Each structure stands twice: as C-alpha cells, then as structure tokens.
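So that you can tell them apart, the chains are marked A, B, C and D in the order they are listed, and the count of residues begins at 1 in each.
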Amino acid sequence: MRTKPQPTTSIATSDAQRILIRGHDLVEDLIGQVSFTEMFLLQLTGQRPSAAQVRVLDAVLVTLMEHGITPSVIATRLIYHSAPDALQAAVAAGLLGVGTTFIGTMEGCAANLEEMLAAPEGVEARARAIALRHKEAGKAVHGFGHPHHKPDDPRTPRMLAVAEREGVPGRHLAALRTLSAQVDDVYGRHLTINATGASAALLGEIGIPQKVMRGVAVVSRSAGLVGHIQEEITRPSAVYIWETVDEAIPYR
Amino acid sequence: MRTKPQPTTSIATSDAQRILIRGHDLVEDLIGQVSFTEMFLLQLTGQRPSAAQVRVLDAVLVTLMEHGITPSVIATRLIYHSAPDALQAAVAAGLLGVGTTFIGTMEGCAANLEEMLAAPEGVEARARAIALRHKEAGKAVHGFGHPHHKPDDPRTPRMLAVAEREGVPGRHLAALRTLSAQVDDVYGRHLTINATGASAALLGEIGIPQKVMRGVAVVSRSAGLVGHIQEEITRPSAVYIWETVDEAIPYR
Amino acid sequence: MRTKPQPTTSIATSDAQRILIRGHDLVEDLIGQVSFTEMFLLQLTGQRPSAAQVRVLDAVLVTLMEHGITPSVIATRLIYHSAPDALQAAVAAGLLGVGTTFIGTMEGCAANLEEMLAAPEGVEARARAIALRHKEAGKAVHGFGHPHHKPDDPRTPRMLAVAEREGVPGRHLAALRTLSAQVDDVYGRHLTINATGASAALLGEIGIPQKVMRGVAVVSRSAGLVGHIQEEITRPSAVYIWETVDEAIPYR
Amino acid sequence: MRTKPQPTTSIATSDAQRILIRGHDLVEDLIGQVSFTEMFLLQLTGQRPSAAQVRVLDAVLVTLMEHGITPSVIATRLIYHSAPDALQAAVAAGLLGVGTTFIGTMEGCAANLEEMLAAPEGVEARARAIALRHKEAGKAVHGFGHPHHKPDDPRTPRMLAVAEREGVPGRHLAALRTLSAQVDDVYGRHLTINATGASAALLGEIGIPQKVMRGVAVVSRSAGLVGHIQEEITRPSAVYIWETVDEAIPYR
C-alpha cells in the first residue's frame, strides 16, 4: 500500500544509444563542450547556466576547496591509512565534517540575506534587526568574523569583485554589504565578512537554493580531500598523526 | 616515541593576510582566474595544468557525473530523508558506493594500460597476454563491455575524440585501442570500450596516478548526488522508494 | 600556538603487558566476565553498571536492532553490492540514516522528560504545557503516535514492564506516563507511546545522557545491518532493488 | 525489465499487532528475555544461540570495543566537533576505519584457518605450507605478531580460555594453535597470536561466516566510539587535536 503518489525524476534517462541529462544529449551536447562547473549547474538547476554564473560558481568552488590541515583532512588521511583499498570511504569520512560548525555558517548567512530581501520594512531595517537579535542573544552573526584573518578575510573582496565583474543582479551582494555595515555599527567594532559569508551571497546571486548550498561546499571539499589522499600516498603522515595525538592526550 | 620521521605537506599554508595553495596565492592568482577543474588539477598534481589537460579532465568529470537512478542515488535520497539536516551525510552515503563493483573497473583498466606501456615485449604482445589471461580465468576485462549500451558505448568515441582534439601525448589512447583489438580477437566477438575504460585512458594521458583515479569519480559523482538531493527537496521520492522496496522483497 | 589547555582521556591506556579500560584490567576483569552490554555501559559512563541497568539497556538494544526493510537497510544493501570488499562502508552508509527523522524523536522525547523533571511547577503542569505547546504549533509530540502500530505500539508496555521489573528509580517512567495522559487529553484522542518514547524513558532511568542517546540506537542498528549484509551475501537483493526503484520513478 | 528472480527476506516482518524477527515474536519472546549479544546472533544466523555461543561472542565484542586513541577515535572526535548535531555521522566516520589495515587481519587469519580445516593433506601440513608461503613472500601471517604486546598479546590466552571453558567444538582453536607452532618454527622466532587472530578462531567456533566477521568488529567498535563521543562532549579535545596535528606537519 503506497501512501504517496508516484514520484518522477527529470534529471536523466537513457537507452542503448543515447543518454539524456536534463534534456541534453550527454554525448552530442555536453562531453567536450561544457566544463565540470557548467555541468554541475545544469545538473543542479535544470538550466544551462550563463558564462557569468559558471564563473561565479567557479570562484566559490575554488575558494572552498583547500584550507590546509583541517579536521576533515585529518579524518580523511587517517581513514585512508586504515582502509587504503576503499578510497571513497576516506573521502566520505572527511566530507562528514562539512557540517554545522564550519560550513553551516554559509547557510546561516544565506538565511539572513533571504530574510532581509523578503522583509516588508526594507533590507536595511531588517539587517539592523538581525544584528541586534544576534548581539542580544550573545551569538555570532553567521558569515562574519574570522579567528586568523584579521582585520579582514582577504578572500572576500576578491570574491565580491568577481561577482561584480560578471554582472550578477547584485541584490545578495548589496544585502551582504548592508548587513556588514549594521553588524559593525551594532557590535561597535569591525567584523570582517568571511569567505563563507561571501560564498552565501555569490551562491544566492546565481540562484542556488539555500537548503542545498552545503552541497556546493561538499563538492569543492571532495576535490581538496582527493589531493590530500594523493599526498598521503606519496608522503604518508597517518601513523605520525596517530602517534602525535596519542601522546598529546594523556590518560588520567 | 615517534616511529617515523616528521612528515611535511606541500599543499597549503596561510597567515593572517595570505593563503598559499601549491605555492600560488589563492586571492591574487586563483580565485576568479581558474576554473574548478584547473584548481582540482593544481591541488592534485602540484602543477598548473595546461588548457588541454583541463579540458580532458572536464570530459571525464562531465561523463561520470550522472547516470540516473543508481544505487548511490537511491542511498543518497533515502539517507537525506532520514537526516535532512545533515546533507553531507546523504552525499557521503552515496559516495560510499563508488567502489569496486562499478568504478573499480576504471582502475583495473588503468592498471592494464600501465602494464602494457611498461612491458619489455611491447604493447601489442602484452595486450594479447592480458586478454588471454582474463579469458582463461573467465573474468571480464575491465573497461570493456556494457549491459545496456550495445554494440557500442556512445560516450567512448566522444571522450577519445576530445583527448585527440586536445593533443594529449596519446600513449594511453593507443594502448587502449590496441587492447580493444586484442580483446575482440581473443574473445571472438566485439566488446565495446566502455566509459570507464575511456576514462582510464584519458586520466592516464593527463598524468593522474592510477591509485587516485577513483577520487576523480568520487568528485564527479558528488556533484551528481547534490543534484539528486535538490530534486528530492522539491519532489520527494524517499518514502515511495522505501514502500516500493519493502513490497518488492517479501518475507518468507 | 595552542588555544586550549591540554585535554586528557580517562577511557583507556595500555603498556606491553596490560590494557586498562575505565580503570579495569581488560584481561583480568572484563574478557569472559562481562557481556557486551555491560562493557558498553562501562565504556560510556565510566562505572560498572548494576545487573538491572544492563538488562534495561539490553531491552532497548534488542528493541531497536531490527525493523525490516528500512531506508537504512536499503542503503546498506546497495552500498554492499557496490563495494563488497569494504563491509564497514556498507554499515556506515546505513547508520548515516539514524538521524533526526526517525531516531531523533527519542532525543526529543528525552528532552521533554528532562524538562518536566526539572520544572519548578511540577511534572504534571509542565507535561500539560508541553502537550499544549506542540498542539498549538501543529507539531507531533516526540515519542507518541505510530503509523502502523495502532491503537498501541506493542513494544512499549513490554519495555516499561522490563524497567519496572528491574527496579529502576522510575522518575522517567512516571514522567512519560504523565506526559502520555496529558497528550491524550490535550489532543482529544489516544496517541500511543511508541518504542522510541519508551526508549527515551528507559535510557533516562539508567543515566544515559540525552545528548548521546542516539549513539545507543546507532550501536543497536549496526548489529541489525550486519545481519542484512549476511543475508545479502547469501540471497542477493541489491540489483533487484535497483531495477525496481529505477522502474518506479519514471523520467518525465 | 527485471534481470533477476524476486529476492525474499527471512529476517523480519510485522503487522499492526506483532513484530516477528527470525520467526520469534519480538515482544513476547525477545525484549526483556535476551541480551544484545544473543539477539545479534539470532539476527545474524537465524538461530537461537546457545549460552556458550553468546559468551564466546561477548568475549570477542568486549575485547575489540576499545583501544585508546586510535585513528578511528581521532576521526570520530574531529567529525563530532564539525557536525555535533549528527552524532551518527561521527560514529560512521570512525567505523570507516575498520578496514583492511587493522581488522582485515582477522579475516585473513580466518581464511587461513578455513583453508587448513579443508585441506586434504591435513591441518598441520597445510599450516606449514601457509607459514612457508607467507615467509617466502615476505608477508606477515595475519593474526600473528603485535607492535606493542611482546612477547605475547595478553588478551589471547584469556580469549582462548573462555572458548575452551564454554566447550566450543574446538577445531578452529586447535587449527590456530597448530598454525602458531608452524609459524614459530618457520620464522625461527616466537610470534604471538594476537587478539585479531584469537577473534578469528572464536568467531569460527560459533559459526560466524568469514565474509561477515568484519561486521562483528564494526558493531563492537561502534560502542567504543560512542563512549569517546560522550567523553568529547564533557571534555572536548577536537580543537586541541586539530591544532596539534597542524603544527606537527609543517608546510615545506
């Protein structure tokens, strides 16, 4: 007994001769003609993206790919050492860390921008309300501040410049700048727009829904983690990491 | 007590003002200037790739991204339904299926090509030996044959044509064609070079090590799975899948 | 530069001759003397549990292990087919479904019980407030109701009877019954206490912190999934599942 | 078009009033009457186990649960910090490390024991052949040797004693001892039977198929990892681990 009507998919279909993805012939129209990033946007939105949208997504994917020795990288290297015949598991272990603590702030920032853009009282008034609400609750405003990059995250102005150069509509960029001004004013000091905040605005500009933005980070980070596996193959670190951590946390 | 010398990394470093990835300044040299695929090759190999290498990798990434309702897609949709607040876990669940049964054949094909290219007796003689060895063992030759795409996988000629158009060295392409001729001769019938076989040759042409090739499939597939999550958000299928499978496997 | 004081662990240590877990000698005191469930409680709480606590945890672990063809089971069977050499990945894929949609209700129920037990106005008054709050918000009260088991989940009375037989303190059991009465009254119809609701009360009785309760379900379910992998090895279903789902979701 | 006959399951079924698992009524026959370990054996084998089989499995599950700060534990703690709202993902990340490098030796040992027990020339002759084969190939014999526990792994004699006390048939235990004598003789020095070797023999004695033995380790380790998450909640170590590893692997 089915409780739901039959679902359908509009992503892909194939027969012996032909593979259609989002209505386009994979062989005739896509392989050799579109980049990974263009294909990703087609897969995600169902629409052939503009060149500008592709470049904006590339800017986000390039920014988020690699951050040095992160928790995800450590997990991936250790799991690769434990199961080197299952490379996919090592990548998956690291990707499980693309969660609320780090990349979740991108979604929180995007939600704030969407709230501002939909507010009947106007973007600026709602920006101030958001900043005040967070300050009163003693919570950080998602997308602002950075533990190492002070006073300013160097990635942010470049990311915003790319989006402006590409001529995106600009509503999310403007909202982010408005929110930034209100945050600085309400908190009484300058808090940098960080790279996840900028990512939220850029992805908003090219129509990526807020609920799936984390997926963009997952894709970008998967490439970063594969690079670390390749380095782990040629310059193994996992046993050293293990011994170092074991020594660093004494039994008491 | 450490049993190993201290490992180092040459992937990334940063300070308050600057982020270096593979020796390049992320802000000055990369964001807004390179595509995801170019950045992935830089991350993976440590070298700025040529435009040809980027386009060849794009051809592989575009080909492998999406295959309709696969085991990985079903796993991702069901896990997303079970834990919608942890999108990364849904992608990870699907990626855990990028294993030996499907994508492992790419690695097997790449190993055969490398064996041929290193054989003192020459590529053709070793190709025949490989075909004979597999036939006698009753095993499929990795990278050949396809359950649905008969007589030929339509993706393969396009993928090989892209690589040739881009002017790659061509040794892996030639080896794959040599192996194909010997496989047809030894098995006494035509077995198509499939898309994973072609992927093995293309990735070999651009210097991706055989041991990390599965990672390229993982990255590509991650983008495909994010597309299915977006469709699942707007057109949910998970409960229907669950009920359908539950009915399809009776208790006995 | 470390930003935090050095952490320590009190779980385990070892030297060449001896392995200590939670202060007990693994060989002398534990292997052959304690059951898995007793060991799990020792690992989790740092204390040797009473026989009653062990039996209550056993009741929860036995109840949650197996539920037929669930989303987690389908994911595990499909991923096992895709990567049969990495059994751990197949279990992990299924466990990723032990999330908010299903087992999260156990945590929600436990949070409600803890809120009631800490309420200055008394358990019953707070139970009524909780029921009203959920009804007004149009939300289900976690731990109540079941789509198939009507009018009552048959597992619940047995689970509660086990806890009572074992002589647990009983505050969480009483709170759950109080909440049940208020839920029925506020909603104007009988909503069964389901097995996750009963699990929340039982785990509360034996001192399992609410934030780690999901981990008990993960452990129990891992055993269930290993059973399905064993059946999949001897009676494969994955290809059939795949084909069935592919047919069930047409391209449109 | 289905390519396979319809599969069936004999694990579980339910209706509104009743849940049957392996033919037993969950409420009437199992909850409150069997331990987790007994239920796990029923789930895995379809048979109600003897008390001896339960105690032998308990010995293995207790032995494998906890090993201090392992790669799996580090991965779990880091991923928990990154996504604390998805506890199941943190456990899954650690379980992905239950792979070939560590626990795979249990399966290798079990395969050797099964090869010996099936050998027409007898157990001892095949044991010698196995030892010689590994020595000539320069490979470790799975289940023998330990980096820290020298000269002998203290867990092994206790595990074997438990199995003997419980009166298991004893063929796998005898085979393991025969293999041990031949390994010492062929290698010309004493190599301890380690805990994974002993686990292989004990699981063989109670009828756990070699192909699913890794699953027993996965279940046991899942409980260990939940204990580490609970410690991480109360005494966080993840940021310290991250900073320590980042410092330990310099950029060069």
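By our rule, a contact is a pair of C-beta atoms (placed from the backbone, for glycine too) under 8 Å apart; a residue touches a chain by one contact, two chains touch by 3 or more.
Values in this document were obtained by computation on a predicted structure and should not be read as measured data.
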Magnitude of the superposing rotation for chain A and chain B (Cα, nearest 5°): 180
Distance between the centres, which are taken as Cα means, of chain B and chain A, whole angstrom: 22
Whole-Å gap between the CA centroids of chain B and chain D: 32
Averaged-CA centre spacing for the pair chain D and chain A, given as whole angstrom: 38
Chain A: positions in contact with at least two other chains: 6-13, 68-69, 83, 85-86, 88-89, 92-93, 96-99, 237, 240, 244, 248-249, 251
Chain-level touch network, classified as line, ring, star, complete or other: complete
Chain B to chain A touching residues, read off their complex: 1-4, 6-19, 21, 26-27, 30-32, 34-37, 39-40, 43-45, 55, 57-59, 61-63, 65-69, 86-89, 91-93, 95-99, 148-150, 154-155, 158-159, 161-162, 165, 209, 211-212, 214-216, 218-220, 222-231, 233, 235-237, 239-240, 243-244
Partner chain B, residues of chain C touching it in the complex: 68-72, 74-75, 78-79, 81-86, 89-90, 92-93, 96-102, 237-238, 240-242, 244-246, 248-249, 251
Chain B residues touching chain D - in the complex, by the definition given at the top: 6-13, 20, 83, 85-86, 88-89, 92, 248-252
